[in-house]
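Here subunit A shows up in two complexes: once beside subunit B, once beside subunit C.
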Partner chain A sequence: MNPTAQGTLAPSRPRTANKALVVLLIGAAALVAGFVLPWIGFAKITLSLLAQALFDALLATSVGFLFLQNGRVSFGQAAFFGLGGYAFGILVARNLAGPELALLLALAIPTLAAFLLGLVVARVTGVAHAMLTLAVGQAFYEVAFRWRELAMGDDGMSFTLPSKFFGFSASRLQDPGVMVVLAWSILVLVLVSLTLFTRSRTGQIAAAIRDNEERARFIGYSTTVPPALVYAIAAFVAAIAGVLQAVYNGYIAPQMFHWSLSGFALIMSIIGGAKFVIGPAVGAVVLFYIKDVAGQFAEYWPAIVGGILVVVTLTMPQGIIGLAVKQWRRRQRR
Partner chain B sequence: MTELAIEGVRLSRRFGGFTALDAVDIGVKRGEIRGLIGPNGAGKSTLIDVLSGRAVNWDGSVRLNGEDVSRLTPQERRKRGMARSFQRTNIFPDLTVEQQLRIASWAVEEAEIDEVMSEFGLVALAGVPAGEISYGDQRRLDLALALVGRPSVLLLDEPAAGLTMEESLGLARTLRDLVTRWNVTVLLVEHDMQVVFSICDRISVLHLGRSLSEGTCAEVRANPTVIAAYLGTEA
Partner chain C sequence: MFIQILNGIVYGGLLYLLAVGLVLIFGLREVVNFAHGALFMLGAYIGFAVSAAGYWWGGLVVSMVAMAIVGCALDATVFRTLRKQDHIVTVLVTFGLMLILETVVTAIWGKAYLRYPVPPLLAGTVDIFGEPFPVYRLFVIAVAVAIALSLTAWLRFTRIGLYVRAASTDPRITSIQGINVDSLSLIVVGLGTALAGLSGVVAGPLLSLSPTMGNYILIDSFIVVVIGGLGSFAGAFIAALLIGQIHNFGAVYLPWAATILPFLLMVGILIWRPTGFAGSRT
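Coming up: the complex of A and B.
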């Protein structure tokens, strides 16, 4: 056997430990950087749009994570976004729970629902999976749209936040600067956690199941629980975004469940690079920036996004991050 | 305590009206390397599928080291020491060679993987995604995945399919060394008679879903029914 090849085996353990450390350090730096965001002279309206972009980034991260870990394309991730927002909004508006308990339930309900759904839905692949999740998501939308007693049906429902939230003044959460810092910090924590998950045993086993379900069973794994767990984690992230948006706007509406939201999130993750944990979030931020620049052409926004998608899929099939990683590897090899 | 490591009793499997496996009995003694031969469509892969838990809708019973495992899933059988490889390469194309062997090892009590990796010449390919390595290397990886954790029973469905004569014999030698050293019981489906005769202790012959004969290499080679059904057409 050739000696250099033998050598690659030994250091592999410390190297993976180092990589986890690098992920943590980058995350810490990004976390700190977030506190600067409100102070670099953005207009309030820009900050507000940025907050929305960060909610989108979380939803896109959820969609991308499902693809990355389970290899499944979902058109229904907005269901968990909406479920999180609705659970929080309704519980708070009706005084059914304090905001802390409402938050807990608003995150737990979609997560649990996704786990149970995942046990079934994970058996379906490809286009059928996309259609099935679309149908499930739209079913939620229809309920929210038609059931007036639930939350005012298609009008949506406003609610006021209680005065205190975890001991802080809750109204400050509706200040764009505060929300941007909060949403950014959460996004960073989510990205770091998901990255560590993909490197964990469960994450690697889920990846093996995605890659070859049959062989995974024959090397000794049950192939139902790990994918369902991935659905649950993805839904948890979507629900966080839904709760943040509901808190920020003090308003929930059936559009939170709409498939077009899932569709845009999917496009963001393709543009950023769905084979990377941070790809979808990068895609969301890039789209946000382009939208800001496109300003007066906003009415053509769907067409612009379509054009960007075409260009990206043709010139960088692995998305922005995929291209960056490729360039970086090429430079390293030189 | 039974001497048999793997035993199938009156195994039958039907596809619609077609009987692919017709009340086949098979038993392999601990430590033995048993060849399983027969013409195309004889039911060899079907038999491996039934023994390993891949098949659905079958009759009979399967015992692993004396325990009835008929109702157990493939993953439960694997945890009890049964492993298999596949006629068509069945690996994890997106995962690197080392990563998939490591994942395989977690399922069976943290088995070490360095030895299988070096035995099958995979060390230099450790960091390469399995989809990018050569066909011959993929076949070896398929075998390595099954051998991680030193299974007590190994079911191999044409491990050398598609390899050159030289590669096949090399693989056979590696396999023979390893399973003897690790005391693995093997049931080996193989078309290449040179490979079969070079590593098997005994041979079972399947024909049209029925068990035709069983014996040592010499006995099987001399059996007129076997010659008529199978060997005659090959040689």
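Coming up: the complex of A and C.
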């Protein structure tokens, strides 16, 4: 066999390993870069808004991941965001658990709930799935809204953090500078893990089921568990965001469950590019920036977002990252 | 007891008017209009503006016509342009439109709750088995029944109705048979949104007006459509009555669980039959 042909065939395997390495390296660099954020002279209010944007980015990542891996559009992902925040807030406020155990439960409960729901909900596809998740998510909102004894119903409930959290002073978590670094680091870790998951065996099987469930079943894979697992992972990410927001604000309210939050997260992921793991987070940051610029028109904000969504879906359905990748490929080909 | 059932039918009737519009649109375009609740709300506000000038019935007509025009525009600009895209893209666009409509209405009429008057002709109560019952609520039931009957007759006995049923079963085969699905869709989407406008005006005096009044009922009508089966007219009718009764009896006898019951019913039905009890498509 002539050496040039070998040269073009052989590298296919090492190259995939390289890609994983590249993802890890970019992740590590991003992680380090995060520690600079509080020191480049942002005002405290900007840092605080940035922390909120990072929570949104995590939620949007959760919605986008569900679309990427399962091909399902969810209008109810805020349910797990709220569930995480509520579980943590209620357990801490009532002294039912120490903060460490509360954190564990606040992440475990939504994940488990999503896994069980996923077994049912994954059977419904397309537009019906969007309606179904919207309704299920809203059911959580209704409970939080009406059940006054749970957490003051409509008014929401504030709670004080215990003094120590994993041995650190818990009040520092409400300092924007600290929270921005923490949220950024978590976001980077989540994005890296999700990227690696999409390349893993389970991730590939889930993608196969997304593309053709019948064929995947015919080959011999279980087609109920991997999608439910993806629901669980997505809910886990949403729950992290919910807990972070609850800790940061020291406050939980039914709005954390509301479908408009789910809808906005979905819009972020579409604007950023839901076909890419990193897209939703980029969309969240871009929307955050636009909101900052459009500050004086704050009361028209939903209409602005709606307008952006309409324009993006009509002109660049692959989102910002999709557009960037397309441009980059075009340049490479020249 | 009987009064409770009647109240359930009133809410079920409103749900039916919305859900049947969703079903009509879904049948032709295979998309769910997330802006339907916003159109319901916009219809109520337009009717309110006209009836404030003293023309209650004029408000009803103007609102329906205005919503029909909005629906035709929606079909011509959004649904037709995006028909080759993934349907979820269209759904997202309607979601964006919902956000825009809510903001526009808030900018014009404000966030405060507004009271929609009852027309003088329908004010007062009648005795039903010795208990007073508002005439207006009977009127709502009558409207829903009239619409249900005439819609069924239209679908069953007219040529266009036949085309609509055919297109709801399979739009592609229908258009291969030489039927212009695009112009059919214009009529059907316009009709669906006009019913949303009608529902909004009729619901106005029962619920108070606010820019978010469409959200709650939209979710209930989604539940109706999912339970009844996407694309099924009979399914939507039965499910709307069922949810209306559950909504009402729940509120009276199980207030703590009332808002959850429809959701539980929906999840239960979907475990049993993922396409809803009368649906064949997903």
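As a convention for this text, the second predicted complex is superposed on the first by the 325 of 334 C-alpha atoms of A that agree within 3 Å, B and C clash if a C-alpha of one lies under 4 Å from a C-alpha of the other, contacts with A are read in each partner's own complex, and residues count from 1 in each chain.
Going forward, a contact is a pair of C-beta atoms (placed from the backbone, for glycine too) under 8 Å apart; a residue touches a chain by one contact, two chains touch by 3 or more.
Note that the structure is a prediction, hence the values are computed from the model and not measured.
Undergrad: Report for A:214: first if it touches subunit B alone, second if subunit C alone, otherwise both or neither.
TA: first
Undergrad: Classify the contacts of A:263 with the two partner chains as first (subunit B alone), second (subunit C alone), both, or neither.
TA: The second partner, subunit C, only.
Undergrad: Which holds for A:313: it touches subunit B only (first), subunit C only (second), both, or neither?
TA: second
Undergrad: Tell me which partner A:39 touches in the superposition: subunit B (first), subunit C (second), both or neither.
TA: In the superposition, A:39 contacts neither subunit B nor subunit C.
Undergrad: On subunit A, which partner touches more residues: subunit B or subunit C?
TA: Touched residues of subunit A are more numerous for C.
Undergrad: Between subunit B (first) and subunit C (second), which does A:166 come into contact with in this model arrangement: first, second, both, or neither?
TA: Once the two structures are laid over each other on A, A:166 reaches no partner at all.
Undergrad: Regarding the shared-chain residue A:300, is it in contact with subunit B (first), subunit C (second), both, or neither?
TA: A:300: touches subunit C, not subunit B.
Undergrad: Both subunit B and subunit C contact which residues of subunit A?
TA: none
Undergrad: Applying the document's contact rule, which stretches of subunit A touch subunit C when the two form their complex?
TA: It comes out as residues 73, 120-121, 123-128, 130-132, 134-136, 138-139, 142-143, 146-147, 259, 263, 266-267, 270, 299-303, 305-310, 313-314, 317.
Undergrad: Under the touch definition given earlier, write down the residues of subunit C that touch subunit A in their complex.
TA: Listed in rising order, the residues of subunit C that touch subunit A are 26, 30-32, 81-82, 85, 87-89, 91-93, 95-100, 102-104, 106-107, 215, 219, 222-223, 225-226, 230, 256, 259-260, 263, 266-267, 270-271, 274, 282.
Undergrad: What part of subunit A is in contact with subunit B in the complex they form?
TA: 1-2, 5-6, 8-9, 12, 201, 204-205, 207-208, 210-212, 214-222
Undergrad: Looking at the complex, which residues from subunit B come into contact with subunit A?
TA: Where subunit B meets subunit A, its residues are 52, 54, 73-75, 78-79, 83-84, 86, 90-95, 98-100, 103-104, 106-108, 114, 117-118, 121, 123-124, 126-127, 145-146, 148.
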